[in-house]
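Both of the next two complexes hold chain A, though its partner changes from chain B to chain C.
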Partner chain A sequence: MRRLVAIAAAIAVLSACEREDREFRPPPVGTEAEAPVTLSSIAPGTGPAERPGEMGQAYEENAYHLSEGKRLFTWFNCKGCHANGGGGSGPALMDDSWIYGGALLNVVQTIREGRPNGMPSFRGKIPEEQIMQIAAYVRSMERQVPQDAAPGRNDDLMPRPSEHRLPARPAVPGGTVPPSGQAPQ
Partner chain B sequence: MRSSFLQCCFLAAVLTLSPSISRSQPQDGRPRPAAPAFAVSPNDADWATPAKNTAGTRYSELSEINTQNVNRLQVAFTFSTGVNKGHEGAPLVVGGLMFIVSPYPNIVYALDLTRPGGPLKWQYNPKPDASAQGVACCDVVNRGPTYSNGRLFFTTLDAHVVALDAGTGREIWNVKLGEINRGETMTMAPLVVKDKVIAGISGGEYGVRGWVQALDAADGKTVWKAYSTGPDQDVKIGADFKPFYEEDRGKDLGVSTWPPNAWEIGGGTVWGFASYDPDLDLIFYGTANPGPWNPNQRPGDNKWTNTVFARDPDTGQARWAYQWNPHDLHDWDGINENILVEVVWHGKPRKALVHPDRNGLVYLLDRTTGEVLSANFYHPVNTHRGVDLKTGRIRINEQKYPHEGKVIRNVCPTAPGAKDWSPSSFSHQTGLLYIPHNNLCMDWESTEANYIAGTPYVGAEVRMYAGPGGHRGELSAWDILAGKEVWTIKERFPVWGGTMTTAGGLVFYGNMEGWFKAVDAKTGAVLWQFKTSSGIIGQPTTYRGPDGKQYIAVLSGVGGWAGSIVSGDLDPRDSTAALGFVNAMADLKQATTKGGNLYVFALP
Partner chain C sequence: MRCCRPALVALPLTLTGCTGWQSSLDPQGPQADTLATMFWVFTAILALVWLLTMAALFLSLRRARAERAGPLVLEPQAERSMTRAVSAAVAFTAAIVIALTVVSYAAQRALFSSHEAPLTLLVKGHQWWWEVTYEDGQPSRRFTTANEIHVPVGQPVLIKLQSSDVIHSFWVPSLAGKMDIVPGRENRLVIEASKDGIFRGQCAEFCGWQHAHMAIAVVAHPAEEFERWRENQISAAEPPDDPLRKRGMEIFLSRPCVMCHQIRGTPAAGKVAPDLTHVGSRLHIAAGTLPNSRGNLAAWITDPQGIKPGAHMPLMKLAGDEIEPLTRYLEGLR
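Coming up: the complex of A and B.
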């Protein structure tokens, strides 16, 4: 029994090491451009469109990257439009609807390239690695990351339940209709 | 300080115990405030500018629909704008045509009122840059076009001003005045003064340096441009400038009341309704909040933000200015309407200006000098103790000062203020002011704001909630001379649209659940109401149709800052969403849905 406890403790400690691991030279992320990053659930021919792969997953499982993402989310004024995930002039990020896809690489592309209904392009303004960290944090807002890696409560005014306390809710595939009203033409 | 708030609380508690409509005696036998002669037009059947006349009274002499028959009012026709965002505009009517501007993408529609059902005569799509949606702080609204001399003028979200031929919809000129990449947008309804179009810039939450411009109505060329911050030369302060109060005198106050260069990104945008007195030949308009919201980053009075200016419309030169809220602490834009009225004050006739501010006070100013005659509370307030009438300066409650990193709780009123843009109306008949307003308080934490051009420059964590009494909005009838409420109607949500009054003894307004109401202007009794398809935040208007009948028109379509939880699909689990407004509006999604429809009513 005692041995079992010791093994369990050792596993817990080791996994915690993984969670807290700080990669000062993380793997290059530039190759992400070659990964399938599709916005549609359908493709001509047989079978559904290829969905974004698991590239960048390490960012979502690492508490350091997520907490850096949370800091940068404020630092680069993401918060000014998206608030603490509930949205404002920009759409909500803590719900399950994603206009331009909710996979990590979709979010990375949204930040880097911008989107036509008001999302600015941060290409050349934010280093790639920090974009990955911000995107991973955005995914944590609706708890699409492991609970033990998601950030805890803020030091500031408590705006919402902490990221690690929300129930996990996967994104609805295929994006949604943009909230902006469509003009009749 | 605290006791004054307790009194407020106590008053509010008493009010909640009394029935939903409370009355007190109006006027006390003194001469009533009156509309200036230039605002009186007995035979005018049209509604050519959102505020009806340049005094901004929003009063029509039409009286076919009155307190006796309004209960028979019914829908005459409807029209879909095809846009599901906040409809803050006013439907205008001139010579048998009705003009509407939709929210972004700012499509202009002209409806032919001479034919049954008001069919479309023409439409014009300015095709604004879609990216402008990303730098509009509070939904993608537009506050309406304005008509003058056969032309229709309006602004677009991507900061263009456009002039159309009102008969055909042909574009006459289209000028770009702002850069969305710096956060500059336009939402304001222009005002035409003589041969000039007055329009200002929006973007106070993006560190935009505010200005107002006069364009030549003939070709759109800029005649003058006056900034709200910076050196006197830029603000157009010169030899004619004679402010009433000592603290507004001095050289280059728009520079010296800021930390070095902070005025360059200091806000003071211009997006409310301007008014004009042809006798004094002065325009009046307010400037918005300083940037960022966090006041710790901008010590000083931050002139000329949160200020009312009186300017010469031909040269732009300032005649006087008065700062409602020096060193603004809570995003209290000074852009609310300035309605021009004639009063007898302490036995002397005065040309006055009445202004319900975001800070919870209704101000009465002498519009020739900028002297504050009175300032009285119309909303529970604990952040200040009103205005010192000797110095003209507001007295701040230091206990509510938003020091950085500290959560200040129970701050009343909130960032949108006791009342936001929603325009009041003044009845030439009753002499009362009808103020649509909020009843909200908030928690506020100032945080360090980072200036990145084209992104928000705010620096505050805010969450709002209902004020004392639990209701979130009111329509109040206000006695301007006595400085007190005559009656009030409590609403579940903020009253975010405008009001309109008629010689039929009626006040019209809509609420965010979608009810459009006609109220007895004397008593506040609701005489008629109709449920439209979406929440109402628009400005009602009235006109006499080509068939000789009186019609009432309003746009229905929830949104704006207050309604962005619905129009922008925001998530109420985040209490700071929409700069903290979502927390006070969490149940709006259960009360209404998005929409965009014109409703026109008439007697059968």
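Coming up: the complex of A and C.
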């Protein structure tokens, strides 16, 4: 009997070996029209503003997509303005304040359409799936993603711990526009 | 004899695998010659040693044993001859090991004695393709290409090996031995082709999902043909003249292609994917995965993840009528 239990336990242990599948063809993302995103909390009429949906969960819980996002963050030179998340001529990404909303789809919208005062639009230049990967990675800088999926290794020297070692913090919508991002007076 | 017949038929068949465009047993340059010679010297000596050992074993098994007077009786005569035989075998073994060490050391000396060559290339290993930069004293004559090295026949070429991500290994068996590519350091290798031809090389250190699809072609030309090729590669891409190819260029520049790839002579200046300035002149696409043809280009652009799962080329969802102009444009980049 004891032996049977041991064998069953060994088999159960083996089942933990596969953490996740790498999806080389990422889950399809609907066209922009299918993903309405609220850009501002101010809305006409009396109804409450539309909230961003829960789409993209699959991207945030998958270590492969997050690591791809991390690679693309460098490849597409997001670092040029946002540095390694600490901010430079662009706002910091690793803090908990989000000028245009901290939900995944807000970040997607920011990358796809651009924002005033410098954030360029990458519409048509970055495939939708890759935008989702980058946005998911941006959220992982603030540990908005599960710890076991967040990237756990930096190839270069980094000014901060790798993403999976950061403390999880809930996103605070709103935030302030840094002086560098404000329109000239 | 009957039992050996299949083996006798099979042996020459296996030997035919030793020639071809990727074989260290079919050397095409002095470096590969040195290695092949060393290989055959080792093989011959060790085969001889093995045969002698086996023969001695066989004879000693077959030899009739002389009767001994008792288990504790000493036989000085036999002991002495045995001591002599064992000493001779040990001395012989030591001599062979030392001789082979000297042969190996001499081959290494010959391979790595010189790091000077008239032509210097910078080969960078990426997951999963090769970036090749031809260095030149004049910056305007420096250019980058991908997955294909052209060399002049009879001239040594210095290859500086760098990695952008993980450990790779550069191996063109017909021309030289393996050399690992380690992130953060530069390894150097000299190759030389003694006659013209196309030699295939590939990554020889497991580097991820598509390690098997990370090949490089080395094309050896006579010197003047090589110069012609180099002049053509230095020049920027010619702007397309017919409307279909013009449309292809517009598609290239307005789609995700432009984020990663470079075509000199256009605003496309991405550095993280293969340079496509003269992609039409290459033998293969996707690092030796497919022969270069318009159909294969279309297949690669339409479904890169089906052909090379895990490659960094994304699925782009181009419209059906965008494929033809785009592939015509790329095909014409010669």
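The rule is simple: the second predicted complex is superposed on the first by the 137 of 185 C-alpha atoms of A that agree within 3 Å, B and C clash if a C-alpha of one lies under 4 Å from a C-alpha of the other, contacts with A are read in each partner's own complex, and residues count from 1 in each chain.
Going forward, a residue touches a chain if its C-beta (ideal position, glycine included) is under 8 Å from a C-beta of that chain, and two chains touch if they have at least 3 such contacts.
Since the structure is predicted, the reported quantities are computational estimates derived from the model, not experimental observations.
Of the two partner chains placed by the overlay, only chain C lies in contact with A:Gln130; chain B stays clear of it.
The partner of chain A that touches more of its residues, comparing chain B with chain C, is B.
Within the superposed three-chain model, A:Arg22 lies in touch with chain C and out of touch with chain B [touch as defined at top].
Within the superposed three-chain model, A:Trp75 lies in touch with chain B and with chain C [touch as defined at top]. Within the superposed three-chain model, A:Ala58 lies out of touch with both chain B and chain C [touch as defined at top]. 75-76 are the residues of chain A that lie in the contact sets of both chain B and chain C, per the superposition on chain A. Across the interface of their complex, chain C is touched by residues 22, 24-26, 71, 75-76, 124-127, 129-130, 155 of chain A. Contact residues on chain C toward chain A in their complex (touch as defined above): 165, 254-256, 258-260, 272, 305, 309-310, 312, 314-317. Note for the complex: chain A touches chain B at residues 74-77, 80-81, 83-92, 94-95, 97, 114, 116-120, 156-157, 159-161, 179-185.
Interface residues of chain B facing chain A in the complex, by the touch rule stated above, are 82-85, 102-105, 107, 125, 130-138, 140, 205, 405, 407, 443, 445, 447, 450, 452, 454-458, 461, 463, 564, 567-579, 582, 594, 596.
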